[in-house]
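Submitted below is the structure of interest, expressed as structure tokens.
Chain nomenclature is as follows: A, B, C, D, E, F, G and H, assigned in order of appearance, with residue numbering initiated at 1 for each chain independently.
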Amino acid sequence: MDLGDSRLDVDRMRRIGMPEAVYAEGKTASQCVRIVEALLRVDGGPVIVTRTSPEQRKALDVLEPTATWSATLTWQHAEARPDGRVAVVSGGTSDQPVVDECEGTLSAMGVAVEAHRDVGVAGLHRLVDVVPSLQSASVVVAVAGMEASLPTVLGGLVPAPIIGVPTSTGYGSSFEGITALLSMLSSCAPGISVVGIDNGYGAACSALRILGDG
Amino acid sequence: MDLGDSRLDVDRMRRIGMPEAVYAEGKTASQCVRIVEALLRVDGGPVIVTRTSPEQRKALDVLEPTATWSATLTWQHAEARPDGRVAVVSGGTSDQPVVDECEGTLSAMGVAVEAHRDVGVAGLHRLVDVVPSLQSASVVVAVAGMEASLPTVLGGLVPAPIIGVPTSTGYGSSFEGITALLSMLSSCAPGISVVGIDNGYGAACSALRILGDG
Amino acid sequence: MDLGDSRLDVDRMRRIGMPEAVYAEGKTASQCVRIVEALLRVDGGPVIVTRTSPEQRKALDVLEPTATWSATLTWQHAEARPDGRVAVVSGGTSDQPVVDECEGTLSAMGVAVEAHRDVGVAGLHRLVDVVPSLQSASVVVAVAGMEASLPTVLGGLVPAPIIGVPTSTGYGSSFEGITALLSMLSSCAPGISVVGIDNGYGAACSALRILGDG
Amino acid sequence: MDLGDSRLDVDRMRRIGMPEAVYAEGKTASQCVRIVEALLRVDGGPVIVTRTSPEQRKALDVLEPTATWSATLTWQHAEARPDGRVAVVSGGTSDQPVVDECEGTLSAMGVAVEAHRDVGVAGLHRLVDVVPSLQSASVVVAVAGMEASLPTVLGGLVPAPIIGVPTSTGYGSSFEGITALLSMLSSCAPGISVVGIDNGYGAACSALRILGDG
Amino acid sequence: MDLGDSRLDVDRMRRIGMPEAVYAEGKTASQCVRIVEALLRVDGGPVIVTRTSPEQRKALDVLEPTATWSATLTWQHAEARPDGRVAVVSGGTSDQPVVDECEGTLSAMGVAVEAHRDVGVAGLHRLVDVVPSLQSASVVVAVAGMEASLPTVLGGLVPAPIIGVPTSTGYGSSFEGITALLSMLSSCAPGISVVGIDNGYGAACSALRILGDG
Amino acid sequence: MDLGDSRLDVDRMRRIGMPEAVYAEGKTASQCVRIVEALLRVDGGPVIVTRTSPEQRKALDVLEPTATWSATLTWQHAEARPDGRVAVVSGGTSDQPVVDECEGTLSAMGVAVEAHRDVGVAGLHRLVDVVPSLQSASVVVAVAGMEASLPTVLGGLVPAPIIGVPTSTGYGSSFEGITALLSMLSSCAPGISVVGIDNGYGAACSALRILGDG
Amino acid sequence: MDLGDSRLDVDRMRRIGMPEAVYAEGKTASQCVRIVEALLRVDGGPVIVTRTSPEQRKALDVLEPTATWSATLTWQHAEARPDGRVAVVSGGTSDQPVVDECEGTLSAMGVAVEAHRDVGVAGLHRLVDVVPSLQSASVVVAVAGMEASLPTVLGGLVPAPIIGVPTSTGYGSSFEGITALLSMLSSCAPGISVVGIDNGYGAACSALRILGDG
Amino acid sequence: MDLGDSRLDVDRMRRIGMPEAVYAEGKTASQCVRIVEALLRVDGGPVIVTRTSPEQRKALDVLEPTATWSATLTWQHAEARPDGRVAVVSGGTSDQPVVDECEGTLSAMGVAVEAHRDVGVAGLHRLVDVVPSLQSASVVVAVAGMEASLPTVLGGLVPAPIIGVPTSTGYGSSFEGITALLSMLSSCAPGISVVGIDNGYGAACSALRILGDG
């Protein structure tokens, strides 16, 4: 579908089972509105916009989003899928926008999500509380900044697929998420795979691929 | 299990469904032999040693490995699992040791693997030949060095979970796999997740987590 | 030509066949105006200003630019050249200012340009549509951010010279274009050459050198 | 063409006008021999092997290469092309293997090459001697390590396309060619495009694309 | 001298022949005023404040600076020194604040300075015009961003001490001056020494050390 | 303690002898207020908030902090500890917020602190004045930016534990504190340990661990 | 003490309570022998040589070291100190040389050390076994490579001072210890301080400073 | 002078007052011999070869060097210059090859040099001994690895020009000299200028430029 300055991959949903999200950063508010309008007209599946600014959200409000998750907006949610549950675990309050981007994308796709926020490794007891819930999840998404020990500790306790999302939060030596990224990639726990820094949408898509046709 | 200078996590298999592999780099040949002997005595599950040097392999030969995959040696293979097939796709001959580490680990765990070597993106026709096989796989592991376009191109064609393994091969600007790593993490195709550079064993464990109890 | 705080290389056009562009970043709006005025008085060839801010553009408006391409402004276009066509291909909407800088520079020099926007690699079918047009171009400029697979895929399909322009768009692991830059430099497709991050003007000049005297 | 562990892209010559070179690093001597034998049997075009070790060269000697350029070996040279000449300029003796890789690849393709070695910028008079020859070349390849000023200085003097090849030679602050790479990418001279560190073969392919069908 | 939250090294002038400059970044406007007032009362030598913001400059204006050089303000200039002249050469308009910081510091110390702005390497003829003046200078300060070829080219033409100052100007691959810094440190011309990025004050102090007691 | 979007580790004080500080960056002003209110209600120990913005400080003011140290606010100070004194030494005025974060945290915990500001290494005499005081301290915290020689010089003079805090102040080659961090980690003086860039709170906690139960 | 090409700081023991160790890397075997001989003649305190090669160890053997710890050799051990115990915990077999360097240095100084090797975070149960011993230690040294979660997890469980030593072991994304270093510096557990990569000697000296006069 | 594969800049001595040194790394032993032979025949001035391997030194021995300084060999020394003395100060035994490269180059040029080896900052008393000698030197070259505090401390004590040479010695966090380089560039002492890592020859040339015609 050709909108003059952008062509939409409306066929993606059928081809690989997930829709193309609209990445708002670097687009004007009116470009966002125009793209979402076009998608709502043409596309049967969910419409997802990530990384919106307050100004973009205000402009998109006239299109009445089905749900708003921090900077992520969604329309036309898919039907609830009968099985498979994704657990999203995060280390701190500041990781919330990334958790929201992941949770919002999955919800729009009809997937049941359970978010466990503020489950840090420096207080192991908090972690212990949620382990049973994680052990029965189909996929675990571990969102963490700073030294990002969370997926490593989970990796030794939980048999499910674990997708790490490094976040750009934290003090000066976190280097905008590079420390968390490297830490997750070097994890001594086997079978952790990782998506890009702050990429909650990417983690949701990885989970969707694992859940399959549902 | 305490071997004096190493304690083995013999319980890991039961806890998270995958055995602890022995990482040979930085160990002496006799340390390797001693650890494998101990594992063969105690552990019911597969025994896997990765990143062996020629000298280590020679020493381990007396323990008669069930299979040898480049630098990866395996013993006590698990029974063949009834369902689920992993496709391992790679971009060039030089990625072979990484492909072998992944394929060897999965085979030792009883998983059916199909390896497609030398399927580069600069000659798309080679890729087209294998797409049908990839589309029916449970998991796709994409091993690639240099600019690592392979998982991105696959990501638009295949609905299965895709695990990228960046490799350290290639000319000077590949920077020992950093380019491939960053490229995979930044992929414009949704839902690619990534393990560390050259970490074929990690990709295999990610695949095992996805396949579940089989 | 000495303007007090800048000397202009008005002879460059004759010497190497391309004019000196005025790089606006770090200059005041009035410095920009003074330089362009001087060039319009003295120089026979095209006048090109790149990377203008809205404020600079407003100030330069009084000099009535012949054309405006996002942040690039041009005056005194060269005559249309009889032969040679440059195709500029880009991966996403957010690469538009870089595409514009390239297209604007070439147009001011009288070169025929054809821009194909939003031709991503994660949807190969979009790419397939434009390949015939690319195969008949004299030069292909491939503008791409994130993992920048575009020039690699083109490199295996198109015999023309391919100039890659990495852009600074994309999520956290794109690292302001470094990922795209390294990816292009490591391309497994032969004969891709690369200019600096976001340097659409540089790509245009490379194309001009290739087209020669026209 | 499937050799068991490598598939050759024998069709590349026809598709994009340049053959696939065999990159020897990371291959065994016997793998090299097997691949070259296969290419000599099947392929009509030139056969090129780059980055050979002394041991690999010794093994390949039995296949009687048409020419040897440091670590680059070539067979079945194309017919001499009627027009177009490439000038390869380099800054120091230690850049010779990179110059040779470029010159060897071009010669095997039938292109006339003129190499100007040891033309440094710290002694401008040496440069002045070769400028007339460069000004009549179809393409200039500038090979330089350390601070890599060479392509920048040439860029202001020569109208032809200039392809920079950063090399990994030089003292500690050259950082294995990164300094030269960044310097070339940031060049204040317009229209310099760059290939990867030490990638003489890539520069030759870029030149081939520019020369076209010859 | 203790001002509560800062102790001033008022003895430095006597000990090493140059005064302590006040680095304004990260100080409040009133902290700046208080420090300068104290220095004007106590210290016989020049008072120099670098990297002021517009707001700080406005506040400092009430102390009536002897001279203002972009963001550098000076008071109590030393007597003009009888001999020794420093030439400051720069590559572009955007390097002006750095040139000014260097020129202002030297002037306040009574040193004769001659600034040659916008002398780029991509137009060698501009450089040739100023070489005679540089050849008679006591010290040459070469200020350059981007690929920073300037000190290298000068290094082969001028016997005087050459101090390179890399600047943070330029397109995306300049990486905030890192490219220029590495380029200068790797220069193939002998005897170039370098100060930190944008550190015009540091270059002035290096020159002062070389000029000695004057 | 579960606040909906954050769980507080109120037990930490008992477990490891130091309270959890509230890191304000990335939290809204009202989130900060809500968390502090909850802590003041529940927790017997000190409440510490670091890295507040002016807006957050204004909002927190209604809760009447016991003390304000630049961006660090504290409530419910612990009783003064009978023994042990921490000396905090810093190199320049711009390091003050980091010194304050450290001093504020320690004071809230009842520890006697002595801060020596602006004790640079380039004027050794200033350092000599404070050495006797440092030699009788229980712990020395050395806060320094730029080349961060301070802990190295102290390391050869003082037998107490020395904790280095690199700061992000300084000119362009300080690279936001990376230079200071690397310098401290490479110190030729034995027994310097280091916390993250600008992490005054972390240094305070390290000191608390060393002082023990007091 | 002047040995011609090295001056020994024999007074350091008295001044800051720890001897100068001889760092063997980059010294010839005979330089090592000469320095140790001199120290044994003059110095009353312990003599410690770190980072010896096999060849250097062979040469030093004639001086009959009191103890050998991998690459660390010690002579003239101090008397056993009455109180204070250091626990050294490490994540894997490959960290052993670093643990040994730390343990050897402390032992030579008369400090009681207890080393817990191979206590990884991916198997939390191993960690739980040793926590009681760590909780009664005066200082905990946590040696870890890869993602280095160990000190973070310990930081939430143990009140003692914790010194992290990142090690250069691990797969490709460990980047020679940089990942572990950054991870430790960014730890979300309060009060972890860190020494340089592989610097077991430095950690021992930090512990000595904390233990004080014993 | 054209030697087939290298052109020598025999005129450099006259033009900028210093000869071109032969950088041996990356050249064969016989290339070195051939170049030196040619220089000895043609050139009136000193001949200097740096960074020789043992094998190269053995081959060059037949040409009977006037002096050998670690890896630096010199012939045809210039006459002793009447005035000006360079002090070379270094932090440790392992910096000796760099000190030698600097001292050898200066000696071959007839300059009086005084080398103070092993003058570390962690033992300030060693430094104090040599300060008087440094205060009367014309130029001070400060060679230092690790955290490289030496030039900073000297910068506050000595008025002469100070040239810093970072060296690649030291533990893991020295990062092959990058830490020392950044530290010197960020020095809080005014007027330190720096040459590339391990570049003793470059420091000597900088000193020569400062000494002038002698």
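Basically, contacts are C-beta pairs under 8 Å (C-beta built on N, C-alpha and C of every residue); 3 or more make two chains touch, one makes a residue touch a chain.
These figures come from a predicted structure and were not determined experimentally.
Novice: Using the touch definition up top, find the fewest steps from subunit A to subunit F.
Specialist: 1
Novice: Identify, among F-G, E-F or B-C, the interface equivalent of A-F, where equivalent means over half of the contact pairs coincide by residue number.
Specialist: Match found for A-F within F-G, E-F or B-C: E-F.
Novice: Quick one: point me to the chain whose Cα centre is farthest from that of subunit C.
Specialist: When every chain centre is compared against subunit C, the largest gap points to G.
Novice: At the interface of subunit E with subunit F, does the proportion of residue numbers present on both copies reach over half, so same, or stay under half, so different?
Specialist: Subunit E vs subunit F: different; shared/all numbers falls short of half.
Novice: Please tell me the distance, in whole Å, between the geometric centres of subunit G and subunit H computed from their C-alpha atoms.
Specialist: It comes to 35 Å between the two C-alpha centres.
Novice: Find the geometric centre of each of subunit A and subunit D from their Cα atoms only, then give the gap between the two centres in Å, rounded to an integer.
Specialist: Computed from C-alpha means, the inter-chain centre distance equals 45 Å.
Novice: Taking each residue of subunit D in turn, which ones touch at least two of the other chains?
Specialist: In subunit D, the residues touching two or more other chains are 12, 92, 120, 122-123, 155-157, 171, 173-174, 181, 185-186, 190, 196-197, 202.
Novice: Chain pairs in touch?
Specialist: Here the touching chain pairs work out to A-B, A-C, A-F, A-G, B-C, B-D, B-G, C-D, C-E, D-E, D-H, E-F, E-H, F-G, F-H, G-H.
Novice: Mind listing the subunit A positions that touch subunit F in their complex?
Specialist: 92-94, 96, 117-120, 122-123, 125-126, 169, 171-174
Novice: Under the stated contact criterion, what part of subunit A meets subunit C in this complex?
Specialist: Touch residues, subunit A against subunit C: 5-7, 9, 11-12, 23, 25-27, 31, 168, 176-177, 181, 196-199, 202.
Novice: Give every residue of subunit H touching subunit E within the complex, in rising order.
Specialist: So the residues of subunit H in touch with subunit E come to 12, 15-18, 20-21, 155-163, 181, 185-186, 190-197, 201-210, 212.
Novice: Would you pull the subunit H residues touching subunit F in the complex into a rising list?
Specialist: Within the complex, subunit H contacts subunit F at residues 91-92, 120-124, 146-149, 152-153, 155-157, 170-171, 173-175, 178-180, 182-190.
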